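Next up: the structures, one after another.
Each of the next two complexes has chain A plus one more chain, namely chain B in the first and chain C in the second.
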Partner chain A sequence: MDINTFIEKLEVEFEELEQGTLKPDTNFRNIDEWSSMYALIIIALIDTEYEVVVTGEDLSKIETVQELYDLVKLRLN
Partner chain B sequence: MSVFSVENKTILITGASSGIGAETARLLAENGATLVLSGRNKEKLNEVLQQLPTQEHQVISADLTHEEELEALVAQCPNLDGIVHSAGIVRPFPVKFIGHKQINQLFSINYSGPTVLTGRLFRTKKINAGASIVFMSSISSKFPHKGGALYSGTKAALNSFSKTIALEYASQRIRSNVISAAMVKTPLFDEAQKAISKEMMDKHGEQYPLGFGTPEDISNTMLFLLSDASRWITGTEIVMDGGLTAGQ
Partner chain C sequence: MAFSAIHNVAIRGISAAVPKTIESNWEYPFLSESEKKLLIKTTGVEFRRRAEKGMATSDLCYEAAKKLIDELGWSPSEIDALIFVSQSSDYYLPATAIILQDRLGLPTSCMALDVGLGCSGYVYGLSVLSSILSATGLKKALLMAGDVSSATCSFEDKSTYPLFGDAGTVTALEFDDSAQSMTFELNSDGSGYEAIIIPHGGVRNLATKASFDKKEISPGIQRADLNLALNGLDVFNFSVTKVPKSINAFLAKTNTSPDNYDYFLMHQANLLMNETIRKKTKFDKEQVPYSIQQYGNTSSASIPLTIVAELRDRTKEERLNVLMAGFGVGLSWGIASVELAHIKCPKIIEV
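The block that comes next holds the complex of A and B.
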């Protein structure tokens, strides 16, 4: 797993996001279409793709795509 | 003896190690019932047992998703006058992430466990005439939420199962009902809060005219449903939601 494939997977889940807009330092809450539903989607995505459990509480403590990636990577090991 | 008493009744409680199951155990024991406490965690079940006023109850730990453990529970179980099915999990999955794995995960614990157990107990004639069966269900079976397709599906399926028992066993005066609860402050509540964040949970709570429920609120209704005071109630659903759906 590397951050680029991680970002690609994440980007696909946002219906209105143009490819290539998401960067490691993007604050995912600032994405235009962000809603509580996306928290559920991110949690389910990480669960199905990496079999890693991330909670809503975890998400509330982080802001950027990089931080999310780091968290998943940490729990993968 | 009051018609609201459960004295001399033997009652099996699944999911008895915490939350609604544990609180129901306490209240039923206080009111004279003899209990069979079941759940996955033997240690936690023994802790619940030790807090009961007398110790004439038994603990039979079992993971109901394992056929052999379920069969062992059925074999060891005495004849029953009541069953409280409170074992269950909550796990949100948006529609596009639902696969066979997720379906199996939720349905095996929330649906197959309680239904197969009940079926086996009937087959082995362990459920006495006049017994009362109660399933923990959820208002989400009628009012689903985002990410809740599977969870609310398991509960809707339980509602139908319970009604079918009511029809099939009325001749033996065996009753079956569900309690459809909204958010109750249990370990599952904490888990759900972790999954969706405290902020969202607080916002959800503002919609409850009477606030979130407590395990005691539910166990009071359990006691009523397991006692003979509710002898004309079967195949139905008691909604306990602090008024959440009153205006819907």
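The block that comes next holds the complex of A and C.
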């Protein structure tokens, strides 16, 4: 697992997002089309792809793509 | 593990009734166009049925029961037991099942009781009523399951109102010593009781004038304490972790695999959630029918409604082995494996 493939997977979920727009330091709440529904989508993506459980509470504590990646990586190990 | 096998009880028929008023999430005013698109794609809910004010779940179940009794050729006087599974009863008391006994012209020798469960309610109700028939030798019984959720969701709450639809269903059960056994696994986790809750109006928080005041929780979410509150993320986490685990344990315990089932019928909660569960339990897309696009989340009615909406022709003509999973409010969840063999399954009734 590396952050680039992680970002690619995330980008696919955002329909209106151009590929390559998302950076490790992007605050995912600042993505134009962000809404609370994306929290569900991200939780489902991480669960299906990595078999890692991220909760709503976890998401509320983090802001950037890098922090999300670090959390998933930590739980994978 | 509350794992059990129940013998000598057959499902003879399933019917469903919905209100005739259709609401579309494309016309829900508290979502932007892009939010509507995302909501419909993610939750799967495009249309919902809404009961007119004063129409209760029991009215839908009553119509569904009349039709099913008629198609089965049963006489109301033969029905020994009636269970009404719902979280939208006619009155605080008495129990709605008793009112339905009289309304349907069932004999006073019929036992009637309510079960207060939602999303897991169909699987639970099936287990309770089948156990009674199996243990007592009573012959014929009706299981009613459904909710009028539109009555308790706040219209101005985009996190609940667009998700739920109203429906009532009836399942006819009969003692039959040649029936294939049903198998159940039932679970509860009350630590999550606040995840889906109507906080006021029970005895814990008696309704006061303030219970009716709508408060803004966040933009697009306004509700009172007498309305349903849903913590979507907590329910999502619960559903995609506990439910697949239980299903996989159930398959191991029954020595079966997804190939042994014609269909896997899930409570129609949310398309993304259900698809996540489907992938984790390795069922094929073709094995998992949905009614959520047309009817929304119909609480305890969702599994039988999906059978009537999607499998009607096959259940009438064939023997189908189905796996069922109900999960949600409580938190409560249950898995069942049952056979649907040449059952009566009238078309969905509009009331």
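Heads up, the rule we're going with is that the second predicted complex is superposed on the first by the 77 of 77 C-alpha atoms of A that agree within 3 Å, B and C clash if a C-alpha of one lies under 4 Å from a C-alpha of the other, contacts with A are read in each partner's own complex, and residues count from 1 in each chain.
FYI, contacts are C-beta pairs under 8 Å (C-beta built on N, C-alpha and C of every residue); 3 or more make two chains touch, one makes a residue touch a chain.
The structure displayed is predicted, hence computed values, not measured ones.
By the touch criterion stated above, A:Met1 is placed in contact with neither chain B nor chain C.
When both complexes are overlaid on chain A, the residue A:Gly56 reaches chain B and chain C alike.
In the superposed model, A:Glu33 lies in contact with chain C only, and not with chain B. In the superposed pair of complexes, A:Ile43 makes contact with chain B and with chain C alike. Shared contact residues of chain A with chain B and chain C: 36-37, 39-41, 43-44, 47-48, 55-56, 59. Per the touch definition, chain A reaches chain C in the complex via residues 16, 33, 35-41, 43-44, 47-48, 53, 55-56, 59. Listed in rising order, the residues of chain A touching chain B in the complex are 36-37, 39-41, 43-45, 47-48, 55-57, 59-60.
Interface residues of chain B, counted against chain A in their complex, comprise 92-94, 96-97, 99, 146-147, 193-200. Looking at the complex, you find that chain C touches chain A at residues 34-35, 38-39, 42, 159, 231-234, 236-237, 240-241, 270, 272-273, 275-276, 279-280.
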